[in-house]
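I've put the structures underneath this note.
In what comes next, chain A is part of two complexes: it sits with chain B in the first one and with chain C in the second one.
Showing the complex of A and B:
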């Protein structure tokens, strides 16, 4: 299986790496570190493609406890103003202030330097099973592309 | 600070953009929908937009049916108003004439509110629009030939925009002109003249917007006018149109600058703001205003 799922929107090529888990509806990714037991959280490229460029990001402070599906910060993008939804529950142990200062980093380096927060998960084993894993990734990406196009969120 | 006469301020959140702040939530709203009759096609490929704005609209060309059929389907789903938009032809006109009959039926049979983007309309289009019973015709007024030619790639002059205002007035089409501050590559150039033209043809309301750089366009790296320039123009506009509703429209820079621009609008006595920055509702309340929310374009009321 390829380690990256690629797709095109218009002339632009996007990728979704298979080394992490994805929120089914919110297009947030979680990369779990088995050594530290922490998960790095970011937003995936399909979600970003539907939002346009991020112009503003705020993140909750380190030490804040968040629940899965709740806000871990806010965003302002070309097509949306709203919450950044946490894909897992836990405590924020680190946040990426580089993305707060330069939100474009989330668009430009989506899976590397564009991460948002690191969370110490409270129930990774259970909640990760509710996210999209590598096995489901190709079908999920295809289905989401259809859904996003039907909604008119992407070309 | 200049307070609006009735001390009410209306915050507008049309549904073509997801919106949720601590003060208002309009996610998934279907009350107001924007439709592009040309999809993402536009002949002008303006430097500041290059069709990107059309991409957030519902594409009529992808719908299996007429514009009336689409509006009927939307109305069944809870839509109470539509903004009919689209790209322009080489003369700057949004091609609305083929849809006049449908829009009349939308108003008569469905009763939902209809706004249109007209581009730079000719007299025939203005006359036809006068028969629909529109809530309003939105038109960007540009006050300098260089901006029209260089940014819009359009062979026209400010006088052509004033002609359009005259025709809309003649055929009793409620006018909702917009002025884009900084449209000339971030510089204030034709804004004063645009305002002068609008003052000569009193509109239903005036919406001011501020240049918002859009990625992957020729103006992606252009900075908007300064807050001082923006604030001065806001005050000037309020002074010249004391009895006309003046709104801060959808487009403006985001992030921290948006907060400052929105505050300037409140301080200048604007009657409404579209997609207010987080905290502006409370700012207005503390200024003695009474905030209302309408999930539709500026000036639309249900």
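Showing the complex of A and C:
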């Protein structure tokens, strides 16, 4: 299994690392640390490709409890706002204020310094099974690209 | 998703022509429709105009950094925060609003295509008047290189919303008077820049009524959406939801969203158009503390106004800075002052 799944939108080539889980409907990634038991959360490049450059990111405060599917913050790109949907339930234990001050970091360093929050999961065992795993990743990326095309005009 | 998409895409789009309504309705109605959206709800387009002027703040903007609350109150201008993106704006009866509230699966997946899809109709309506309107920089409707409409959008619950307003006329004085700015030169430059980068139906010497423009918009939507359009009205439940929404949009808590413990500074950068900005900056130059307001176009200074403590004459240097990059203004100030 390759370490990354690559895909093309127009002339741009994107890659999705295979070391983490992905929200099936929300293009958020979760990287679980088995030592701390915490999960780092970010946005994936397929979701970012549909948005372009982020102009604003806002994140809920540390200590906030979120349920899977609830908003953990908001984003704005080209005058269009949207929710950053939490792919898991738990408590926000850290947030990356660098992305609030410089949202471009999410576009530029999507899987490293562009992370958004760290969550102490309340049910990682169960909820991670509902996310896209490394085994499902190629099919999921393909299906999402089909959806993008059906719903909208990938060049 | 497939079955929902197929069955729902057959449904006609509901078009609600609210006409001239109290200002709160022009913001609250589309928010209420968006929050009630589900895969059984009807996609809706709302056309309306506000009967009174008001101000509208973009979702991520910090109130105190954008507006001078004392001046807003003095002018009796209510402020609403929308759940959509874009910048703060002054809205009044000389603008016609179009608002698309669609289930997200009926909108394109790519952001730039959402705007193209949603703004094709107002562009077609303007072209119906013989105007060379086109879409620039993803979401700006321009005529002769100048904006004739504002745009904002967002995902609210299951709805994707795109709103905009065609300018029949624009009150530059009212817009710029309520900004929280570092000093008055910033305001005067902004007002001049807005006049250069915005165009209105009045500027184009067109005689067309709001009703005629509404008809053009409806006709354009029915042609370009490629789905049947049916005229509709708000239900009592939707109207009640809009009333509740209006209360939330003007609540102090919501208006103060994103406020931090740090005292809000006046705005230092104001976007006029995709290419033009007004910038405030300062530098210590020898014995002078120098402040500058700059009108820049693609990073090149179009106009500069400087002042300093202690005071001195800066006019010749202001002239020399024009045509130079904003990135170099501090170095240029040194260079030109030493000559």
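Quick note on the criterion: the second predicted complex is superposed on the first by the 150 of 155 C-alpha atoms of A that agree within 3 Å, B and C clash if a C-alpha of one lies under 4 Å from a C-alpha of the other, contacts with A are read in each partner's own complex, and residues count from 1 in each chain.
Quick note on the criterion: a residue touches a chain if its C-beta (ideal position, glycine included) is under 8 Å from a C-beta of that chain, and two chains touch if they have at least 3 such contacts.
Source: prediction; values computed, not measured.
Ranking chain B and chain C by residues of chain A touched puts C first. Applying the stated contact rule after C-alpha superposition, one finds that A:148 touches chain C and leaves chain B untouched. Judged by the touch definition given at the top, the superposed model places A:53 against chain B, while chain C stays out of reach.
Common to the chain B and chain C contact sets on chain A are residues 52, 55-56, 74, 76-83, 152. Looking at the complex, you find that chain B touches chain A at residues 17-21, 27, 40, 55-59, 62, 214-215, 253-256, 258, 275, 278. Those residues of chain A lying in contact with chain B across their complex are 52-53, 55-56, 74, 76-83, 103, 152, 155. Considering their complex, residues 49-52, 55-56, 58, 74, 76-83, 147-148, 151-154 of chain A touch chain C.
On chain C, the positions that touch chain A within their shared complex are 1, 58-60, 83-86, 105, 107-115, 138-139, 151-155, 258.
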